[in-house]
Every structure is written in C-alpha cells, then in structure tokens.
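Okay, so chain A shows up in both of these, paired with chain B first and chain C after.
Take a look at the complex of A and B:
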C-alpha cells in the first residue's frame, strides 16, 4: 500500500511536466509483484493480510505507475507475467444472468469487505491503467469489458456520494481504455404498442453516451417464450436514422402478433479496424412486449337445465362495458358463458388472467380460471357439483369477468350481472363458509350510550288519602274532648295550698316535658341525648309525682262513703 | 477506619455520577417522549445502503440514530444485560435465512412484545424466516415463492416494464393519523409479493389494498389453477397496532422504499394524468412517522372524580349521588404533547357490565369531563375509559370506587303517607296529658 501512494504521487507530478525518473524501478516492480498470488490476487502488505481482488487492482495501478516512471525499458518477460496474472484474475469474474460481469470477494467479518462495486472499480481502474502504459495487447475479451460496463450502468443512480464517485470514475476509465471500448446497445422502450404503431428503436453509444462509430444493428432472431427453439423472425436489419442517431425498425410489416418475445441483436461495425478498439458485446438478449388491443366479442351467458341444451336462452353480452344481466338458477341447472378473444391480427389470444368471479352477498368469493378450447372460451358451471364448494350458501351472487395480460392494452374487469342461486340446505357436517374480515371503519365506532334506569320508588297512596286518614285519626281526640265537656268535668280537685299546688304543677309540667321530649326525639334528637334527658326528667318526676299523688291520696274523697 | 471513610468518600460521588448516567441511557424511548430514537436496520445486501439512501437520510434528518448492519453480522444483538439497545427495528433483508449474532425469530418477537416497533419489507425472494415473522404478526404472504402481484388494470405505465408487476395503487386507508393530513395525490409504486390478512386477527389493518382485478401469480408461467390471492383480499401494505402499542408495518415490496421509486414519475393505466413524482416519498415518510410514534400516541393523565359541588375525591360514593368525572388526554406531536380533541371518548361505570356509559365532553384543551348520577345498585364499581380509534394508541384506564347504599339516617325523614300514624301517636299523647289532669282533679 505504501508503494501505491508514493508511486502514484510521483506519477502525478510527472504528468504535470517535470521529469522524474525512478531508479531501481525493477526492484520496486519485483517487490510489488512479490505480493501477488498465483490466482491473480494481491495482498495489501507484506504481513499476513488476506489476498484480495481489490488489492490486485491497486497493485496493477501501482505497477503501471512504476512502468511509466522507469527510465529504461522493463524486462518484457516480467510484463508478460503480469499480463498472465491479469488473465488469471479475470477468471474469477462473476456474472449475473443477463450478461453483467463483476468482481466480488468473500466476506470475512465486516471490516475489510468493500462490496462488489468498489472491488470491480478497483480492478477496472488498475487494468485500464496498466493497459494504457504497456505496449501490446492484453488478452482480455472485449465481451468482458462490455459486461463490466453493464455492471456499472445497471446500478442506476446510487444514493451515496462515494458510490456515485466510484461508478463515474470507473465508467470514465472504460470510456477511453486501450483494451476495448465497450459499446452499449440500449432500448428507449421495451414495451411497444402495436395499436399506436410504435417503432422498435435501438441506440448504440459508449458508456458515457458519446457517439459510436458507424455500425449496423441486426435483429438476429426473435423467439416467443413458449417455443424457444423455433425462431419467429430471423435476420432483420435495423435502419439508421442519422439525425437522431437511432436505429429503428417498423413492426407492422413484420406481422408480429401481440405477446412477449425474446429478441437477439448483434452489432456489426462497418470498419473492420474498429473491432480491435471497440467491444460490441456479442449477442445481446432483450425482452420485448408487443401490446395491442384485444377484441372480446361473441359473448353470451345463459342458464341451462341439466338435460336440455337450449341455445335460445343465451343472453348476449357486451364486454366493452358493465352488464346487468339477471339470472336465476337452482342446484340442478348449469350456467353457460362463452366469449372469444382475438388479437389485432385475428389469431386467438390466450391471456394470462381469465377469471370468472362469483361473489355472494356475505362477501364469500369463488374464482374459476377459464380455459380456452378451439379458440373460444366456454365454461359450463354445473351447480350440482359446486354445491359443496359454495358452502351451501343460497342467495344473490355477483358475476364478474376479469381478463388481463401483459400484452393486452385493454385488460378489463367487467360486471356481467348477478345470479340468484337456490341451493339445498347444508347438512350438519358441512364446512362453514370462511369468516370474512370486519370492516376497519366499523370496528372503532363509539358504543351506544347507556343510562341507568333507576328503580321506581314504591307506590304510595295519594296524599289526599293520607290526609283524610289523618283527620280520621284525630277525630277520636276531638270526640274525647267533646265527651269530657259533655260529662262536665271540672278541675275542682286542684289543690289550693302552696306546696301541693307547686308539686302538682311540677308533676303535670314534668309529664308535659316528657311528652315534649318525645316530640323532640321524633323531630331531631338522637337516642342518647333523649335517654339522658329522660333519665333526668324521670327522676325528677318520681319525686314530684310521689309528693303530688300522695297528697292527692291523702285528701278525703267523697266517693268512698257514698 | 479513616482509610475506609476516605474510600467511601471517593466512591460516593462516583456512584452518584454512575446512577445519573443510567437515566440518560434510558432517555430514548420513555413515557415522556414516545418517539423512537435508535433504530437497527438490517439489510441482506449492503448495496441497499445506496439504493435506499433517500429513505435512510430522511429518517436521519428527523433525528433517528440509524445503525445499519448486514443481517449476517455476528455482532447483532437487540438486548444486552436485560436492556434493549434499540427502540425500533427495520428489516430490509428479505432473503436472509438466519440472522447473525443473538438475533432469531424469538428475539424479534420478544422485541415487538416489549412494545417496540418494526418495519418489515419482503420481496420476491423472501425466505422462510421473514415469512414466519410476518405470520406471527398476523399477515400471510403468498406461499408460492415465485409469485408476484400482477394487476392488468392498475399497473404503472412504463416503457421498460411490460409484465404489469409494477403496480400503481392509490386506494389508501382513510386515516389522517396514519397517512398525514395532506392527501397523497399521486399513486404509490409497488413491485413485489402480496399478502393477506388473517381474518381472526382484529389488530391488523390494510393500509393499501390491491385493486379488485389484481392477483398473485408467477408472471412467467401460465396459470394452472386459480390463484389463492386475488382482488382486494391482497394487501400491499399492512399495519398492526398491538395491544401494548407496538406498531408494525409489513409490506411485500422492498423497492417501494428505494430511491428509484421515490423519485420516479408515475402514470396509472387507464388514466391520462401523468404525475411528476410518485406518491412513494410522501407515503413512506408519513407512515414511518406513524410507525415510530411521532403521531397518534396518546397519554391520559389526571383522572379525577368528585361529587358535584365538592372538589376532593371521596373514597366511596352513595347510590343516587351526582358525580363528575374528568380526565386529561394529550397527543404526542413528535416534539411535544398537544391536547387531544375527539368526540368519542367514553367513560363507563362498570361492575360486571356497564351500568352507565357516557361520552365525555371536551374543552379542546385536553380536558374531558362529564357528570352523571350513580346508579342505585351498590357494589364495587370501576370508572373505565377504553378508547380505541383507528391509528391511535389505545387508552385503557380504570379506577375502582365502591358504592354504598343509604345509611339509616339518609332516607326520607317525614313521609306524608305516615301522617295518620304520627297523628295517632301524638293525639294519644295529648289525650293522656289531658286525661291525667282531668282524672286527678275531677270532683
């Protein structure tokens, strides 16, 4: 690695014009070469680092720098050894299926791995630098250079800045290299519409888009993917439009039908000397789609009985718009549908997708793939055999027909109509229809509000009734008072002397106080205070009452004698 | 002794500084800032760094720390010493057979079960491992390994791709939370495999279904039998919002995130409008904002309930009380908590079944409140708020409160129906008083 930096700095200085001569150039050459392996890879340093292809690229660049700085010619045999190493290095090239070639290394841990882009770029850089310095040809096939160019172009536009740098730097090395300049055949469109009369266009440029030398593009063979052995077309030359520098071919005179095709192209250079300079890439494979409008006509649908075949009962359908045919059947009948698909050239067409969809109201869907026979699509749905498949669901089924293909410009999904099917009841052991997903918008609906219904209070008699009974209960009291007055009671027995009067008043007052206490207890007092007060009053009343009653008992009464 | 004391003196500030460092380490995905911080991105080809660089740089511009590793890297780990090292996982490695390091199917599922987010992108070369992760999340990819989603009526018109596997789809789910409030005008480009949702799973949603004419099959071979996935049952992009609020995005097209799709223009088949830029960039940015909790994350704080007229929270209610319930709900806007405004947050007064269910009224500043009468059933009730809305995290709050019946002195005191009885006893008392006087002193 040290060599790389020092030699290249000297090389750049020399390019600026000063004359530098590297003494001991062959010693340096040999010591760099000593890092090499037999399979063409190099090691970075003389300590035990792993050999890598990336290091090989760097080493080749350094060797090229050494050669350009050397004063005398290097030993030619040493240069031949390096050339052989390069050939061996190219043996380890890897390829993708479409002819792209690249270099890659095994990943040992994450630290030293650089990825295929950086590795390939380093090799390209080194090899082209070496070829620029060395006289004579390097034995590398031009196709390999074309493959490497395709690798850099197939990345597209990388997102990271250092990947863009690597890609552009490598492409600029390939643009003007001395081994062979790759010519890229590109197609602005791989999907050509026969209905809008597109032309097959091809463009040949170098990797950076500059003009190619005069050449012709030949369409060597055209295959359809079904029959890979028999070519449909052979050997057509593309005409050249020098103003737009495009090669084109009109498709309509070729009478090619719609579909997917594999096309093989070859570039032939006009000037035979250019074969040494440019790499044409050999046989180039490309996939093309020729699309067109497919005519769907002669469509009809109808219901038949199991035994009879009644051609009158068919209803005509127009497959260019949605239809609303209404049919009804039970499990003993059959449904018949037929239609025809024709390409623009009049051949029968077999699209990739021909589905008949029957969808029940509960969203259970059944799909039938239709096959064509003798150019027509005909299907006879025998409901007797389909009863179990339909999960015994009776009801309305929507019928839709979906026809589509990559080569069809007018693929459609048309509603045919609906059919009311009457199927027998499902037996207990039949499988239930598959559950359908719940609509997400309905899943998150707020719940219904609930407000508690309180228990109705017990029914009470109306207030007037209670007031009436109140009056009724108070009536005996009134009656009692009236009765007392009637009897002519008097209060003559009330004592006259002071002490008994006092005691009597206190006695009756005490009784009244206790009764008032009861009223207060009923109104708001609690039992404890009431009992306290009652205790006090009761004791008081005992004494006072005793005095009063004993006084009363001691006064003589006239009742006993008479 | 003195030496020990000195040692302790020195150790103490060290311990304090260490403990102060620990909360910093957990700063990433905390309750206060729910947006993820550190993301682990696993790729199976390091070129994805370059081909998907716009998506990654947009994530980094929004403040995420991306750790991009190869899926085979032997140093991969999601947990260390019981703590999770990352808040989110992006799996852009559809063809990986086995993860490196300590990562495997169980580790990824544990990561999601712990509440972390996941973006999973598959491709036409999806391995069984990725399919199993998707199945565990409720999404089933098409079993045929060579199948791709083909749509002959809804493909993207292109001069180079002719087999109609490049689909332009614009049937988005209607949700401002998931896809942002700006409508995505251009269709989204998709190329890859389709998946169907498990119908028994109620947590998974279709964000972008395929059109009714789509089907999943191998484009290179003729169909021998009707495909198992057709029509709108095929989902191109799905999301899962788990009950622990982990969010998962699953899609069958890794190319949907690539620079090429993000930048290219699109024209849907059958339409004449040619959009300069596809809707991919807006779609992918908005949905990644949702997945990583920059949007649609709710928190509910300050649950209060009290009797009407009081302010303190009682420990028990009595039947037929009037009470008021209030809760504050905020929504995370990516940088701060904003008040959440909705009209369908409901509270339930619940004991075995909801007795009262009312919608909470909002003051548009995040406070939701309502008042109702306590039912006349006594027992131990719960205030339950269970709010689930499409795209938002689910709120599930519950507060227990007992409800007691009337005390003996809380009934009606004087009943008019009982007046005859009052009258009876008081009239008896009066009569007794009069009688005692009269009887004693009558002559």
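Take a look at the complex of A and C:
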C-alpha cells in the first residue's frame, strides 16, 4: 500500500510536466509483484494480510505507475506475467441474471469489507490504467467490459456521495479505455401505444453518452412471455435517423398485438476495425409493453325464466357509453349478460379485471368476477341461488360493468342500467346485510335529551295543621307554669348574699347557655363544635353548680321545706 | 251495686286527693313536671298519627325527649322524697345536680337525632 501512494504521487507529478525517473523500477516492480497470488489477487502488505481483489486493482494501478515512471523499458516477460494475472483475476468475475458483471469478495473477519461496488471499481481502475500504459492488447473479452459497464449503470443513483464518486470515476475509466469501450443500448420508452402509432426507438452511446461509431441495431427476436421458445418476429433491422441519432422501427407493419413482450437486440458495427475498440455487448434483452384500444362489442343483457333459455328478450348495449337499461326480475329468473372483447388486430382479448357490480339502494354491493369461454364473456346470474347472498334485499339494484387491463388504453367502468329485484322475505335466522359505513361526523351531532326520574317527594302536611300543632305542643308548658303558680312556688330560697347570688345566677345562666347551644346545634352547628363548646360550658357549670348547691345544702333545713 | 261502686270510687278518689295534698311542694312540682312532659309526648304522637311518620327520626327524638325527661324527673322525685328509706343519705342537691346533668346529656343526644 505504501508503494501505491508514493508511486502514484510521483506519477501525478510527472503528469504535470516535471520529469521524474524511477531508478529502481525493476526492484519495485518485483516487490509489488511479490504480493500477488496465483489466482490474480494481491495482498495489501507484506505481513500476512488476506489477499483481496480490491488490493489487486490497487496493485495493478501501482504497477502501471511504475511502468510509466521507469526510464528504460521493463522486461516484457514480466509484463506478460502480469497480463496473465489479470486474465486469471477476471475468471473470478461474478454475474447477475441480466448480464451485468461484477467483482466481489467474501467477508473475512477483521479485514474491511468493501462491497462489490468498491471492489469492481478498483479492478476497473487498475486494469484500465495498466492497459493504458502497456503496449499490446490485454486478453479480455469485450463482453466483460460491457458487463462491467452495465453493472455501474444499473445501480442507478447511489445514496452516498462515496458511492457516486466511485461510480462516476469507474465509468470515466471505461469511457476511454484501451481494452474495449462498451456501447450501451438504451430505450427512451418501454411502453408503446399502438393506437397513437408510436415507434420503437433505440439509442446507442458510450457509458457517458458520447456518440457511438456508425452501427446498425437489429431486432433479432421477439418472444411473448407465454411461449419463450417460439419467436413471434425475427430479424428486423432498425432504421437510423442520423439527425437525432436514433434508431427506430415502425410497429404497425409488424402486426404485433397488445401485451407484454421480450425483445432481443444486437448491435453490428459498420467498420470491422471498430470491433477491436468497442464492445457491443452481445445479445441485449429488453421488456416492452404494447398498449392499444380494446373494442367491446356484441354486448347484450336480458332476463330469462328459469326454464326457458332462448335468446329472446335481450337488449343490445353500447359499451362505449353509459346505458340506462331497465330490467325487472324476481328470484325465479336469471339475468344474462354477454359481450366480446377484441384487440386492434381482431384477436380475442382476456383482460386482468372483468367485474360485474350490483349495488342496492341501501349501498350494499355485490361483485362478480366474469370468466371468458372461447373469447366471449357470458354470465348468467341465477337469482334463485343468489337470494341468500343478496341478504334477501328487494328493490332497485344498479348494474355496472368494469373491464380493465394494463395493456388496455380504454379501461372502463360503465353503467349498464338497473334491475328491480323482487326477492322473498328473509327468514328469521338469515344474516342481516352488512352495515354500511356511516358518516364519521355523525358522532358529533347533539345527542338525545335524557329525562331524569327523581323519587317523588314525600307528602308533607299542610302548613296550617303544623302550626296548629306547634301551638298545641306548647300548651302543656303553659299549663305547667300555671300549675306552678297554683302550687305557690316562690323564689324565697333564692340566696341573697352576694357570692351565692352570683353563683346561682351563673348556675342558671349556664344551664340556659347550654340549652341555647343546643338550639344552635340544631340550627347550624355540627357535633364537634358543639361538643367543644359543651365541654367548656360544662366545666364552668360544674364548678358554679357545685358552689351553688353546696351553699344551698348548707343553709338550714327549715327554709327548704315550704 | 253500681251506686255502691260509684260511691266507692268517689270515696277512693277523695282519699287519694287528701293524701296527695299532704305531699310536700317539691314533690308536687316534680309531679307537675312529669305530667307536662307526658302531655307533650302524647300531643306529638297524636300529630304523627294524623300526618304520618315521614321524618321518623324527628318524631322519635321528640317523643323520647319527653319520655326521657319524665323518667329522670321520676328518679329525682324518688331520690328527694324524705319518706324513701333507700336514699336517706343522699343530699337532695346532689340528686338535683344529677337530674340536671342527665337532662343536659339527654338533650344533646336528642338535638343530634333531631336532624
């Protein structure tokens, strides 16, 4: 690898015009060659690294640089050995099915895996550089160069800038290499319309689009995908239009029908000397699609009784526009529809999609796929068997016919008319028709009003009765007071001296306060507040009461008994 | 026979009355209080009988307060009565204090239950 960088640096400097001479070119050549293997691959360094194809490309480039920097001619035998190595290296080329060729390496443990793109690019670079320096020809088949060119062109536009660089650099090496310049056959359009009289056009250029030498393009064989052995057409030459440098062929005289075809082309160079310079790439395979207008005719629809099968009451249809045929049937009858599809050349045509759709008023749809027999499409809808499939829905059904195919330029969906079906009542266990999708915005409309049911309130007595009884309840109290007076209750026992008076007043006041607290408790307060207040008042009352009552107890007994 | 019954009843009532007149005034006050409480209870029951027992808890608390206080008054009477040998050593003030305290507790519960 050190050789690579140093030799190529000198090479580039020499290209700029300075004269550099490599004195030990022989020795350097041999030491680079020593890294090579017998199968054409090289090792990167002299320590035991794995041999790789990528390294081979780099080595060849270095050898080419050494050769160009050498002051005297190298020993031709050594160059021949390298040429043989290159041929062996090309034996390890791999290919895809469509003719592209590339180099790839196995992934080995710790070495860096570069992928087919980088490996192939390295080999192309090295080989073209070597071929540019040496005199004489390298024994590499032109088809192989064409295959490598196809590889670089077929990867499209890579995603990474690194890959784009590799691709473009390799293509530029192939553009002007001394082995053989690949010529690429490309087609501006692969889908051609027979109805608009398209021409089959082909373009031949080098990999970068420069003009090709004078040549002719031959359409060697045309196959249809069904019969790959028997060619439909053979050996047609494409005419050349030198102004636009396009090769073209008119399709109409060829009498090909619509459909998909496989075409094989070959390029033949006018000048036999060019065969050494350019690579034509052998047989080139391309897929083409011809489209055209399909004619639908002899269409008719009618209703039969189950028994009768004669073509009596058929109504003619014109499938180039919507029809409005009106039919009526019940479950004992059958509906008959037939039509024919023809290609522009008059052959029968079998499209991918032929559907008959019956749609009920409630938007329930039924689709039938139609089969063709002997080129004609004929369907007999027996309603007796379809009663259950139709979910026993009677009413008007819209009939539509849909015919479509990739090769058809006029695929259509035509309304044929409507049919009023009278089906029997559905039995109880029949499946209901599937629900149709409802408008998703319906969930946002206002909902139904909910009427709440409350427990009926209890009947209360009239206000006057309650007030009357309130008065009545207070009457015993009045009676009590009158009775007390009657008994001669007096307040003689009430103490007169200051401290006991005070205490007695407080005692009675305390009791009154507690009773007042109870009233507030009933009206407003909660139990905990009441208990707090009661606690305070109670303590006070106990203290005061004790004083009062003990004073009362200590007064002489005579005063008490009155 | 009826006449003798009637006269017997009259004699009974007269003797009862005269005996009652001999009771001390304290006890008469307490008896009056008991009568007052029971009368209030009876009026409440009559009212409930008329209008139905919708707020049953209120009815209960009302009736029970009257009945409870009547019971406590009866206890007080028996404790204060000097002829009652059982409570000879109990000073009447103490009985009265108990009466007041028990009444206050009773009325707290009643007010809570009144709703």
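The definition used in the following text is that the second predicted complex is superposed on the first by the 323 of 562 C-alpha atoms of A that agree within 3 Å, B and C clash if a C-alpha of one lies under 4 Å from a C-alpha of the other, contacts with A are read in each partner's own complex, and residues count from 1 in each chain.
The definition used in the following text is that contacts are C-beta pairs under 8 Å (C-beta built on N, C-alpha and C of every residue); 3 or more make two chains touch, one makes a residue touch a chain.
Everything numeric in this text was worked out from a predicted model, so none of it was measured.
In the superposed model, A:527 makes contact with chain C only, not with chain B. In the superposition on chain A, contact is made by A:260 with chain B only, not with chain C.
Looking at the shared chain after the overlay, A:211 reaches neither chain B nor chain C. Contact with neither chain B nor chain C is seen for A:485 once the two complexes are overlaid on the shared chain. In the superposed model, A:459 makes contact with chain C only, not with chain B.
For chain A, the partner with contacts to more residues, out of chain B and chain C, is B. Of the two partner chains placed around the shared chain by superposition, chain B is the only one that A:440 touches, whereas chain C remains out of contact. By the touch criterion stated above, A:431 is placed in contact with neither chain B nor chain C.
In the superposed pair of complexes, A:469 makes contact with chain B and with chain C alike.
By the touch criterion defined above, A:553 reaches chain C but does not reach chain B.
Residues 460-461, 466, 469, 472-473, 476-477, 480, 484, 489, 511, 515, 518-519, 522, 552 of chain A are contacted both by chain B in one complex and by chain C in the other. Chain B contributes residues 46-47, 49-54, 57, 69-70, 72-73, 150-153, 158-164, 173-174, 197, 199-200, 202, 205-206, 212-213, 215, 217, 219-220, 222-223, 225-227, 230-231, 233, 259-260, 320, 344, 346, 348-349, 354-359, 372-373, 375-377, 388-390, 415-424, 426-427, 429-434, 436-438, 440-443 to its touches with chain A in the complex.
The touching residues of chain C, when paired with chain A in their complex, are 24-25, 28-29, 32-33, 35-37, 39-40, 43-44, 47, 50-52, 54, 91-94, 96-97, 100, 104, 107-108, 111-112, 114. By the touch criterion given at the top, residues 107, 110, 113, 115-117, 155-160, 163, 187-191, 225, 260, 287-289, 291, 350, 352-353, 355, 357, 365, 367-369, 400, 402, 404-408, 411-413, 434-438, 440-441, 443-444, 446-452, 454-455, 460-461, 463, 466-467, 469-470, 472-474, 476-477, 480-481, 484, 489-494, 504, 508, 511-512, 515, 518-519, 522, 552 of chain A touch chain B in their complex.
For chain A in complex with chain C, the residues that touch the partner chain are 458-461, 465-466, 469, 472-473, 475-477, 479-480, 483-484, 487-489, 511, 514-515, 518-519, 521-522, 527, 530, 534, 538, 545-546, 549-550, 552-553, 561-562.
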